[in-house]
Every structure is written in C-alpha cells, then in structure tokens.
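For clarity, chains are labelled A, B, C and D in written order, and residue numbers in each chain start from 1.
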Amino acid sequence: MKIGIIGATGYGGLELMRFLHNHPEAQQIDLYTSSEEGTLFSTKYPHTTNLYDQPLLKIDQEQLTDYDVLFTSTPAGVTSRLLPPLIGSGPKLIDLSGDFRLKEAEDYEHWYKKTPAPKEAIEQSAYGLTEWNKEAIRKADLIANPGCYPTAVLLSLLPLIKEWLIDPKGLIIDAKSGVSGAGNTPGPMTHFSETNENLSIYKINQHQHIPEIEQGIELFGNQKTPVTFTTHLVPMTRGIMSTSYAPLSECVTEEKLLDCLREYYDGMPFIRVMPESAKFCTKQVYGTNFCDIHVKVDPRTNRATIVSVIDNLVKGAAGQAIQNMNVLFGLKETTGLNEVPLFI
Amino acid sequence: MKIGIIGATGYGGLELMRFLHNHPEAQQIDLYTSSEEGTLFSTKYPHTTNLYDQPLLKIDQEQLTDYDVLFTSTPAGVTSRLLPPLIGSGPKLIDLSGDFRLKEAEDYEHWYKKTPAPKEAIEQSAYGLTEWNKEAIRKADLIANPGCYPTAVLLSLLPLIKEWLIDPKGLIIDAKSGVSGAGNTPGPMTHFSETNENLSIYKINQHQHIPEIEQGIELFGNQKTPVTFTTHLVPMTRGIMSTSYAPLSECVTEEKLLDCLREYYDGMPFIRVMPESAKFCTKQVYGTNFCDIHVKVDPRTNRATIVSVIDNLVKGAAGQAIQNMNVLFGLKETTGLNEVPLFI
Amino acid sequence: MKIGIIGATGYGGLELMRFLHNHPEAQQIDLYTSSEEGTLFSTKYPHTTNLYDQPLLKIDQEQLTDYDVLFTSTPAGVTSRLLPPLIGSGPKLIDLSGDFRLKEAEDYEHWYKKTPAPKEAIEQSAYGLTEWNKEAIRKADLIANPGCYPTAVLLSLLPLIKEWLIDPKGLIIDAKSGVSGAGNTPGPMTHFSETNENLSIYKINQHQHIPEIEQGIELFGNQKTPVTFTTHLVPMTRGIMSTSYAPLSECVTEEKLLDCLREYYDGMPFIRVMPESAKFCTKQVYGTNFCDIHVKVDPRTNRATIVSVIDNLVKGAAGQAIQNMNVLFGLKETTGLNEVPLFI
Amino acid sequence: MKIGIIGATGYGGLELMRFLHNHPEAQQIDLYTSSEEGTLFSTKYPHTTNLYDQPLLKIDQEQLTDYDVLFTSTPAGVTSRLLPPLIGSGPKLIDLSGDFRLKEAEDYEHWYKKTPAPKEAIEQSAYGLTEWNKEAIRKADLIANPGCYPTAVLLSLLPLIKEWLIDPKGLIIDAKSGVSGAGNTPGPMTHFSETNENLSIYKINQHQHIPEIEQGIELFGNQKTPVTFTTHLVPMTRGIMSTSYAPLSECVTEEKLLDCLREYYDGMPFIRVMPESAKFCTKQVYGTNFCDIHVKVDPRTNRATIVSVIDNLVKGAAGQAIQNMNVLFGLKETTGLNEVPLFI
C-alpha cells in the first residue's frame, strides 16, 4: 500500500506514522506539509531518526492521486477545499479534521466559523465511527474520522440510548482531556508553567464537538436532543475521560446496562466493557486504540454514570483512522494496532 | 494565643503551620503526634528547618486544656473519642476530620463505617462553613471544619438553591481533585508512576462527602434531595474543581445567577464571583483561601453550569480552619490568610 | 514606600507583586508594561482579582523618578537603555534582567549577543548577591539582581572556593531548572505536550550565566577559572538544583566543608546548610527565598559533591530583589519574605 | 517459544509482557508470582484485559525447566537462590535483577547488603550489555541483564574510554531518572504529592550501580578507576538521562568523539549518535529500546560533555532483555522491538 500523510508534522501525523511504521501492508509512506518542504522529517523530529529520515514533500494535487490512501490531518478549513476534487480519483481519503463530519452545512458554519465543504462532498463521505458505521465506511471514498470527544462519548452512550435504557434528554456529559488535543502550536493554553499542576474548564457549552455528538445520537441512537457537554483540560499529555450522567428508564438496573453494552460490542476488539474496579483511568488505554467503558447506577437518584476512556491521539484520531483504513481494504481491524497499553 | 495542633505531621497539619507561622496572634504553636514523639519536626520535614525546629509532643489529655485553640487533623474515628471530654474545658476546638460534620449518627456510620461521636457532642458543634454559619461558629466550642469537596460545592450552589434559581432535584456534581487530598500515606492511588499522566474516577456514588453536601443543601439551602456526586483524581498535587449542572428555574438568566452570587457574597473577602474569562482554573487560587465561582447558562438545554475552584488544603482544610479561628476570636477574617495565589 | 514595577506582566513581575502585597512598607505599587496599557491587571491575570485590580501603566521616563524603588523585570537589552538616565534621579533601581550583571562589556556582547549598557552605568551598579555584597548594595543606586543559576551555584560554592577547600579548576556544575525560568512567552521549549514527562539538556557550554558564575568566583572567591556548566530542563514549574563536583584540597573532610559553610552563613536567615537526609530536593524551598545547601565527600574519588536548591522565581529573582530592597532601605532582610515553603 | 516471566506483576514484568505480546516467536507466555497465585492478571492490571486474562501461577522449580526462556524480574536477593539450580537445565535464563551482574562477590555484599549468588553461577553468567558482549551472551545459559543507569552510562562512554579519547580518571557522571525506576511498591520517595513538581538528589556516592559501571569500564574499556556517580529523581515516570563530564585527551576534537561513537555503533540498530540539535531529551526514546547519544566539547575547559538517554524500563530493563533473548536464539535483534518512540 502506498500511503500519503498530509499534515505530517502535527500530532495526528506523528501518531499515524508511529502505527504505520509497523503496519504490514504499509509499503511506502510519504509525508506532506504546507510549510517545511525539503526538511528531513527526522531533523524536525529527532525521535524518528533512522525511522523517517525522508524529506517533507510539497502538496501537489496531481501526485496525490497516485496513493492508495491519503490521510489528512490539518487544521479546520483546509480539507474542505483540498479533498473534494480527489474524491473518486483513486486514493481512499481519510480526513482527521472536522471538515466533513457535520452533515448540515449551517452547523459547521455556526460552530467552526468557517466556510463548509461542498454539500455533495459531505454527502459522499462516511462518518468514521468504525464500530457503528462499518458498512458505510467500507463503501466510501472519503471518511470523516470522528473527533476525539465524540468518539469517547458516543461509543459509551449509543447502545444505551438506542435501547431506550437511559433518557438522552437529561444527558450531562462532563469530559476531560489531556493537553495534546490542542495540537503542536504553542500558546497560552498549552504553556507548561500555566498548564502543569492546573485544571481548567474551557469552552463551556461552546465546543465544536457538541453538534457532532448530537448528530451521532440522532444517526445511530435514533433520538434527537440537545446535550450539555463541557470540556476540561487536565495536566497530562494524552487521554480523554468522558463522564456522562443520565436518568434511567424504568426498571433498568446496572446489570442491564452492562449486558446491553457487552452485547453491542461483542466481538469488537477495541471496546472493552469493564467490570467494577478500584480504579478506572485513562492510562489503562494509553498509546492504544482501546475504548474502555464502565457503568454505575445510583439507586438513590435513579441515574446512571457512564464513563469511558480513550487515548485522544489513537482511538480519538490516528488509531481509528488506521482502523478505518483496515476496514476499507478488507484487512483485520486490529492490523497494525495490536499494542498493549503503556499503563506505566 | 497558645495553639496546639494534633496530627501535625499530616498535610492538614503542615498547612496549618504554614499559615500560623505568619499569623500575628499565634504566639506559641505546639505540635502533637500519636507516633513520633520526640522527633524534631524539622528532622521529619526538612523544609521547616529554622521555622519549626521543635520536638513532636505526645498527646496528653490534661495538658490540652491549656491551649486557646486546638486544631485536630487526624484520620476519621480519632476525634470522635478525643474531643468530647475537652468541650467546654477551655480551648476552642477546630476539628478538620469528618467526625463531627454529620448531624445524623446513622449517616456517619453508613458512609464512614465507624462508630459516630456522641450525639451530645455533635449537637454542641457548629459546622464550619464560615460564610454560611458565622453566628453559630462564633458561639461554639467545637467547630466541625467542612470537607474539601463540600466546601467547593456548597459555596457555589447554596445561594442559587436557596433562591430557587436552580432545581436541586436535577443536580449533577462532577468534582475533580488533586492528589494531596489523599493525605501523606503512600498507597497505590498515590503512587507516582500510576498517578502521573493519568486521570482516574473513583468512589462513584460512594464518597463520604455526599451526605455532607446533602446536609448542607438542607441546612443552608432549605431543600432536601439526594444529589449525584462523582469524584476524579487529577495528576496534580493541589486544587479542587467542582463542576455542577442544574436545570434552571423559569425565566432565570445568566445575569440573574451572577447577581445572586454577588449579592450573597458581597463583602466576603475569600469568595470571588468571576466574570467570563478564557480560562477558569484551579491555579488561580493556588495556596490561598479563595473560592472562585463562575457560572454559564446554556439556552439550548436551559441548564446552568456552575463551577468553583478552591485549594483543597487551604479553603478546603487548614485555611478555612484558621478563618474559623479568626471568627471565634473576633479577629478580621483575613488575618494570616492574606496571600496572593501562586498562579505560576 | 512608593514602588514601580516595570515588566509587571512577566513571571518576575508576578512574583514581586505576590511578596510586595504583604510587605509592610509597600504603600503603593504601580504596574508598568510596554504593550498592554490600560488593561486591568486582574483582567489579564484573574488570580489577582481583588488584589491588583488596577490598570497597567505606560512607561513614562519622567514619572518614574517619583518612586522610592523601581523594579525592572524585562527581557535582555531593555534596561541597558532605560535605566542609565535614572541613576541618581531619585528611585533606587533594582534590575532583574541580565543587563548590568557582567562587568566586562565584551562578555555581555559575546554571551547575550546584544549591545551592552554604558560602562559608567555598569560601574555604578552593585551585583545583588545579597549575602556576599551587602556593603556595596547598601550604597548603590542600581542593583544588578543576579541570575537564577548563578545564585544557586555561587551561594553553595563561594565559601569553599574562597577558603581553598575545593579546587575550582576542576569544577563541574550540572544544573537543573523548572520551566518557569523560560518566562511566560509560549514556545516549543515550554509547550506542555513536549515538556511534560520529558527531561531535556540545553545550551551545553553556551548558557549566558556562565560568565556571571565565573565573574562571581573571581570577585568573591578570589580565583579565576573557566567552569563547566550545563543546564537541564525538568518537567516542573519552579525550582533549581545545582549539583557541583570538585576535587578536594588536601586533608579536607566533609565536616570541614560543612563547618566552613555554616560559619560563612551564620546568622544569614535565608541560607540553610542541611545535614544528611534521605531526600534533598527543590520542593523544600518552594515559594520562598531560602537557599538550602548540602555537601557530601566521596573518599573513593576524593571529590566533593555540593548541592544547592532555590526557587528560581524567588531567591533566583523576585525574592532576592526584595531582599536587596530591604538592605537598601535599612529594613530587616526578611521583611515581607517570611514564608514557610509549600513542601506539598 | 515457550516463555515464563517470574515477577510478572512488577514494572519489569509489565514491560516484558508489552513487547512479547507482539513478538512473533512468543507462542506461550506464563506469568509467575510469589504472592498472588490464582489472581487473573487482568484483574490486577485492568489495562491488560483481553490481552493477558490468565491466572498468575505459583513458582514451581520443576515446571520451570519446561520453558525455552525464563525472565526473572524480582527484587535483589531472590534469583541468587532461585536460578543457580536451573542453569543448564533447559531454559535460557535472563535475569533483570542485580544478582548476577557483579563479578566480585564482595562488591555485591558491600553495595547490595545481601548474600551474593554462588561464585560458579556468576562465572557461568554473561553480562547482558548487548552491544558490547554479544559473543558471550550467545553462548551463555544465564544472562545478567544490566542495570538501567549502567546501560545509559556505559553505552555512551565505552568507545571513548577504550580509544583513550577521554580520561576516565576525571569522569563525573550526573544521572537523572524518572520515578518508575523505583518499581511498583508505594513509599515516600514515590508518593505523588511529594514527588510531583519536585527534583530530588539521592544516594550520593552510594548507588549500587556504581560498582557495575566501574566493572563495565574495566571489562569493556580496559581501564580501572573509581568514578563519581550521582542520581537524581525527576518528576516523570519514564526516562534516564546520563550527563557525563570528562577531560579530553590531547588533540581530541568533537568530531573525533562523534566519529568514534559512530564507528563503534555502525550497524547497531538501537544506538543513535545524534547530531547537534536544539533539544536533546528523554522523550525521544520514550517506550522504545533506543539509546541516543550526544557529545559536545568545550574548548574553554578542554572537557567533553557526553549525554545519553534511554527509556529505563526498555533499554534499561525489559527491552534489552528481549534483545538478549533475540541474540540467544539467533533472531534479528530488533524482533519485537521495532517501535517508534512516543515523543508526544
């Protein structure tokens, strides 16, 4: 397989390269950038010395059609222009940005404050939440890889919503992320001295992942409702935890919730429904494509607490993108993603 | 003022000593311990060299009556036995443990799994949430200093609940704490390699601060309801953030919530109702007795998000204890607590 | 005392404000900036709400003569122009930048790559290593406050060098710093995701503090030699540790080294010569003006290991600046600096 | 290959399992423990759910002979008794503890304060510094896997010492380690609240890795000298940096040092001699078996600064152990170890 990565110098690009290096089908990996053409990748990122000692290439629309797969990991507003002409031109396109995730153009405009991608292109794309959209992914030329928060949130809630075990109208989602989600551009929110030993809340009710979550609940859970969703910045590099609270439907027990999750995800290698344990934490999926889910019912309030953890850079970005590549090419889903978490 | 600290080697004790060192009325500070009698404090904690080069003293019930104030910062189940005989014997007693916080003995037994303090002693004690119970504190001989989580939660919610601006029946409280809340005894939950770069959720629906929060809502907010309360462990040493979600009462706006908070806390030096800002974070109160509160309304869901931050070891423990001492002795509340946060 | 702080929005400025807030002689504190005139300080830094709710002022050379003290905490190359006209004009000038530290203009040009301050101004200034230059400081109008690394290094080595107990020709200084030393401008070296869980070495043999250390050894230790000095970036916000290695002079024992240090620093409140302990660490001086020193002799190699720790923002910057202000105005050296370290 | 891991619940064991999971020759991996027999591994370490859902086995000397390889990752003093009877009984033995590293029994007794392994067993063992001892490793039944610090130190210094380019008599080694080196037993040195945001120096001149370093310099560098070696604890989980200082031999330049290193390690896949870069840091080898080396010469002092970084749990423990297994079984050295560092 001949693979191109556009936006190779960002964190999404770095993670793609980390996994593709050991992917048995990846024969050639070319790295594209908008600004550092000619620089050796291992000069920019010395940790890749002996692994990626190749020059960064300039993006050239014509050459791009030569690839089997193109991954794009760019800021919002780039691939909405770059990718539409490439649809159907040869390569499978897997976009890690938010440009093709929202089906409604107005939603994109409202939440991203940018010009949306052409309607037609959006219609041709498949939303890449692998466990929930495999059939569509298999047939699509363009995959809109999900956002990190929506991945953690939707995977943990969809079975329970779809089966009417919890009431999405009362849903509160309190999400927490490590700092790498903010990417590699230095700024005040990622300045070590103000981020270390500090916990922040940000974008209350305003995160651009809100419409993506609501769209996922509608598409896959068959229910339409606005949700309360809040994001916190945790002084760690990797990891997302989503803690959701929802009223239980009548006569629903903890065991019923667990059974529902276990049934939906039976045979799906990256979803682990976890039993009671002293500690449920982000590091149990560190560096891997796992999404772990944990559920507790409080009989005092008749509410469920549903918790999920992912590595934001893996299942929340590059890992799921490669999982989607595997689906697109008929490979085993775990190909190249078979890692044990770095719990320590 | 002659002051005794019982449990001086714990983190609560350390913080008391940090503030009392510069308290203008603290003339003598004696340090008591149950296990390291005779050891020089600065030998155990070299950072106090030249500041607390005195030996740790053995607890002796008779000598304890000589103090003007006794602070007790001990594990659950100790002061329920130690303090009752001392009530009215001379010293004002300020207990940082949970032993006198719950008015109902059964609640203590249920959540703490220990024998409760004598009913009479509990009745004589005042709950030390300074901003809400000053009159009772002033007259009491025994102060039950609040827990760290209840302090952050109650201060941010009580005015809104009392004024019926939010509906406590739908209250979800998602709380996050730094690791120092777990004290100075090493264990798996505080082992660096498993805590660093990791976010955990723990004691879902089972934290012993739940009944304390519900009691506070009843006592000061005049409403009785079970609440959903969940705690997370954040890889930082100090700081608590409480993020609460509640349905708004009819016609309530963000400005109305802010006005209510500002009115209740007008003239109270440690409560800061903060306007909109890019970043609302635990470090803005680091090392100080401040409790900062921030509120946002989501018109899409008609819910309020109410956020508060404290330093768990200061307003959540030693700082509030000294604030209560100041109230007890008719001093200005800020005496000895006039610090600027270490934002960096 | 009427005090002006120029460069108030940097970390040096923040720390000055933290200590001056409780300094009994600080009656008025004005905050100057080169770029954010009119902004309320507490809008920029919400943690100072209710403490510094005043507007940032534009620097105006004429008004500056009205102050009793002016602290300047600016990037290299600013005060070399700003301060010379102010010498003798009224205010005592305490410069936290490197512009007046090096007596030789060529050294400044070589290591800082900037135009040096006028020779005359440099001659009128006193190097502000308080414990070693008190007489000169007392008489000077302009104090060149030492660099953070030179403070930690010189305080630990000068007595031993001056007394010929160690041989400075063989001196190796391995220094480690927290990230706040890099200031508040975001950049790749301070980007959380690349700094957290990472230890870097930087500026090997090229740090601009090298000539300052060598000058200090010559001025106060009476020996002239180049030294090996290397700096590391540690994933923490505050703290410097200097680990120095030196050959022992003949017949010198560990006790002799300790005695020498104790004798030199007898009665000096901020220097603590620490006995053997299980742990010698930066947090034992956290947030305070202490410099702790520890010494070990290895009979196998006949070398001494001399370790010192400071808080880089306090004894390494703002704290020592205020200590120098106290000396200049005949106050007790500890005035306003009497804090207990935040070990936790 | 049938593999047994003794001491599977420690961090060394965890890392072995992480790499062996994807090792193409590892057919069966059995986990032995001294204390938690019968517990499912994934119950103890939930991050291994679906990966290692097998029970921990009781150590049984007779069964152990059935394996092709036995890894032992146990505290000092265990394998000195456990392994000698197994030498030559079938399995290749790879010991990650310090029990067989020191050739002189008195050294072991002096530095480890324990009874040494039988002299004969030590003589039969090969020191597992792969790049320097491959011939001996290939033929041995028992490999003494090197300590984490000696690995980082020796790999960076041996070529330069052996070629007389630096003078080992003047060698100063200042080493820094992440906290995972202390293992998984909670204690004061690893308690988060006292380790986070803190840098400690410990075991000055007393670390048990000193004799191992000196032995390595003698065996492979052909020079005998005591060295100065000091260890620091850095607030991060993984990573070791060794910063060494040494006088240069006459007429030696930086380029000569680099050439020497490049020549010695030519074709060795895990050693990367790195050119000048803005940042040389532990994270550039995070999670991998690389050892990166960097060298600078200071013409002012005629000394070299030699820096190396490894992941203490990989090249400093489990990774090198698997590398040695690959050598023992004639596999490519990189088999199962072909990871890209997690720089982020």
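One rule holds in what follows: a contact is a pair of C-beta atoms (placed from the backbone, for glycine too) under 8 Å apart; a residue touches a chain by one contact, two chains touch by 3 or more.
All of these numbers come straight from a predicted model, not from anything done at the bench.
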Statement: Greatest centre-to-centre gap (Cα means) from subunit C is with chain A
- prompt: More C-beta pairs touching across which pair, B-D or A-D?
  reply: A-D
For subunit B paired with subunit D, centre-to-centre distance based on mean C-alpha positions, whole Å: 46
Message: With centres defined as the mean C-alpha position, give me the subunit A-subunit D separation in Å.
response: 36
Message: Among all residues of subunit C, which ones touch two or more of the remaining chains?
response: 11, 178, 180, 184, 188, 193-194, 196-197, 235-238, 279-280, 283, 286, 343-344
- line: So, in the complex, the side of subunit D touching subunit C is made of residues 170, 172, 174, 176, 178, 188-189, 193-194, 196-202, 204-205, 226-228, 230, 232, 234-239, 241, 243, 245, 278-283, 286, 294, 296, 298, 300-301, 303, 305, 307, 309, 343-344
- prompt: Of all residues in subunit A, which touch subunit D in the complex?
  reply: 11, 14-15, 17-18, 21-22, 45-51, 180, 184, 196-197, 237-238, 269, 272, 274, 277, 279-280, 283-287, 292, 313, 338-344
Message: Under the definition above, what is the set of subunit B residues touching subunit D in their complex?
response: 11, 178-180, 182, 184, 186-188, 190-197, 235-237
